[in-house]
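Down below are the structures I want you to see.
The following pair of complexes shares a single chain, chain A, combined with chain B in the former and chain C in the latter.
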Partner chain A sequence: MNHTLDLVTRVRGVRGAMIVSADDGLVVAEQLMEGIQGSAVAALEAGLAGRLRRAMEAAGIGASVFWHLQADQGTLLVVPAASGMLVVAVAEPDVNIGLVRLELLRAGEAIA
Partner chain B sequence: MADDVRALSAQLAQDPQSLVFLRLAEALRRKGQLDAALRVALNGLERHPHLADAHDLYARVLTDKHDYERAFDEWDMALRIAPNHTGALKGLAFLYFKVGDLQQAETHLELAQRVEPDDPSITQAIEMVRGGASPPSPHPVLAAEPSEAAAAAPALDESRVFAGLEGAQEGLVLLDAAGRVLGGALRSPAGADVTDAVAAYLAGVSQEAARSAKLLGLGAWSGLSAEGKHGNVHVSQPSKDALLLVVRDRGVPLGRLAILAQRATGMAKRWLDKQ
Partner chain C sequence: MTARAVESWTLQPLTDFVREASVRLVLLMTPAGQVLAQSGFSRAVDVMSAAALGAAIVASTGELAKQLRQPPFAALNHQGHRHGIFLSTFPMSHGTIVVLAVYDLDVSSLGLVQLFYEQLAADLKAASPKGSVPKQVLAADFERELSESLNTLFGR
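Then we have the complex of A and B:
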C-alpha cells in the first residue's frame, strides 16, 4: 500500500496521500504531512464521497471516477477504487491536477 | 417602425422558436425600448443558447443599458461559439476602448477587419482608436419612443435564475442550504427530471467540504469538480447558504465545466443579491 502511495506523493506539489475505506471511513494507509489529522479527514472524505456518489447516480451520470475539492490554500483529489477504497491526495493549489489524477487512477487500479 | 415591431411581434407569437426575435429585439433596441428589447433577447437566448447572434444581440442591449460587464461576457460567449463573429469583435473593441485598453481595442478591430475587409465602419473605427478618439458605438440606438410593443414581449420570469445560460433548464441547479431548489433544473441523460433527487443528496455537501478543507488547512473551499462515468459535475457556493450544481456530459471536460460554472455562479450571485 505504501508503495502505491509513493506513486502519488512523488508528484511535485503533493503534500500527502492516503487510502481510505469508503464504507467505514477508516484509514488503510497514509503518507501525510505532520499536523494533518488523517483519521478525521478520512471519515469526512468517505462521507463526502458517498454523498457525491449518490447525487451523481441520481443525476444518471454514474458513480464518480475522480473528484477534487479546490480551496484557497490547496486542493484535495480523490479516486474511488473498485475495491471500495478511496485513494486521496492533498496538494498545493498550483499542483498539476492532470498528473495527480493519472497517478491516483493508477494507484486505484493497483489496489483493486 | 412601429408597424415593423407589431408585425415582428405577431410573427414571434405565431412561432416562438423562430429567429425572428433577433429582428424584433433589434427593432426595439433601435427605438430605445431597452427593457422590452432585453426581455425579447433573453427569451430568444433561452431558446437558442448556442446562437452567437443571440448573445451578440443581448450584449448590444446590455451595452445600451450601460451594463458593460455582462455585455463583455455575452460578446465573449459569442466569440467562443463563433470566433469570427464581427459583431462581437466590434463590441469587445468598443468595451476595451471604454476601459482604456487601446491595444486590445485595436486588436479586436483588426480581427474584425480580417473577416470583413470591405466594411468601412471597421476601418473608420480603427483610425479613430489609433488617433485616440472613441470609436462609435458598434450599434447606435435611435431616440427613445413610447413603449407600445413592450406588452407584446413575453414577460421575463424572475425564477429563471440562469436565463440565457447554456443548459439552464437541464444542467444547472441552485439550491439553498436545506436542499430546496431555488432555480434551474436537471435532467438525466434519459430525459427524466432528477432535480429534486439530486438536490436532496447534495444538501450538506457544503458543510462537509468546508470541514474537510478546514481540517486539511486548505482554507475556504471554492469548488468541487467530479468526473462521472457518463458525465461531469461542478459544485460551487455562490453564497454562504446556497449551492450551485452544473452538470454536463463527458464531452465537456472538467476545466471547461469550471469556466461555465464560474459564469453561472456570477449570475446566481446577482440573482441572490436581488432576492
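Then we have the complex of A and C:
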C-alpha cells in the first residue's frame, strides 16, 4: 500500500495521499504532511463519494472515475478504485493535475 | 428529527452531532441505563429497550476486557446491510457517559460517526455544569425516575 502511495506523493506539489475505504470512511493507508487531518478527510470524502455515486446514478451517466475539487489553498483529487477504495491526493493549488490524475489511476489499478 | 433531553445541557451537543454525523437514532445515557437525552426515537418503549441493551453491552464488554486484563474497549461498532450501530463511552467529571448511535449506511459511515463523536464528547465536557453532584438513583426511586425521564424525553 505504501509503495502505491509513493506513486502519488512523489509528484511535486502533492502534500499527501491516502487510501480510504469508501464504505466506512476509514483510512486504510496514508502518507500525509503534518497538519492534514487524515481521518477527517477520509470520513468526509467517503460521505461525498456516496452522495456523488447517487447523483451520477440519478443523472444516468455511470460511475465517476476522477474528481477534482479546487479550493483557495489547495486541491483534492480522488480516484475511486474497483476494490471499493478511494485513492485521495491532497495537493497545492498549482499542482500538475494531469500527472497526479495519472498516478492516482495507476494507484487505483494497483489496489484493485 | 426531534431531540429531547432530561439534562438540558446535553441538547445542543446532541443536536449538532445528529446534524453533522447524519445519524438516525442517538441515546446519551449513563452506564446504568439512565437516559440523559435522545434523538430520533418515537416511542418510549424503544428508548427503554435500547438503553437497557446498550447498558448491558457496555457492562459485558467491560467485563470481557477485565477478563483479558485490558482497559475497557473504547468503542464498539456493528455494521449490518443497511444500518450501523456505534456504542462508546467517555469519562466526564461526574461520571461516564454512554453514547449509542444508529446510522444509515446510505447517508453516513463509521468514519463520519467516529469523527463527530469526538466532537460530541468534547462539546459535552465543555457544556456540562461545573461542580454539580451526580444524582444517585435508589432502587426505590427507580420506577418514578424512569417514568419522569420518559415523560421529559417524549414531551408528556
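Methods note: the second predicted complex is superposed on the first by the 112 of 112 C-alpha atoms of A that agree within 3 Å, B and C clash if a C-alpha of one lies under 4 Å from a C-alpha of the other, contacts with A are read in each partner's own complex, and residues count from 1 in each chain.
Simple rule for what comes next: a contact is a pair of C-beta atoms (placed from the backbone, for glycine too) under 8 Å apart; a residue touches a chain by one contact, two chains touch by 3 or more.
Quick caveat, the model's predicted, so the values are computed rather than measured.
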Fit-or-clash call for chain B and chain C when the two complexes are aligned on chain A: fit
Chain A residues touched by each partner, larger count belonging to chain B or chain C: B
Vertex chain A, arms to chain B and chain C (CA centres, degrees, nearest 10): 110
Which of chain B and chain C A:40 touches, first, second, both or neither: both
Touched partner set for A:81, first chain B, second chain C, both or neither: neither
Chain B versus chain C as contact partner of A:8, first or second or both or neither: neither
Which superposed partner A:52 touches (first chain B, second chain C, both, neither): first
Which of chain B and chain C A:23 touches, first, second, both or neither: second
Three-chain overlay, closest Cα atoms of chain B and chain C, distance in Å: 10
Where chain A meets both chain C and chain B, residue numbers: 40, 44, 47
List of chain B residues in touch with chain A within their complex: 186, 188-190, 192, 194, 197-198, 201-202, 204-205, 208-209, 211-213, 215-233, 245, 247, 249
For the chain A and chain B complex, residues of the former touching the latter: 35-37, 40-41, 44-45, 47-48, 51-52, 54-56, 58-76, 90
Chain A-facing residues of chain C, complex: 22, 79, 105-112, 114-115
Chain C-facing residues of chain A, complex: 20-21, 23-26, 39-40, 42-44, 46-47, 50
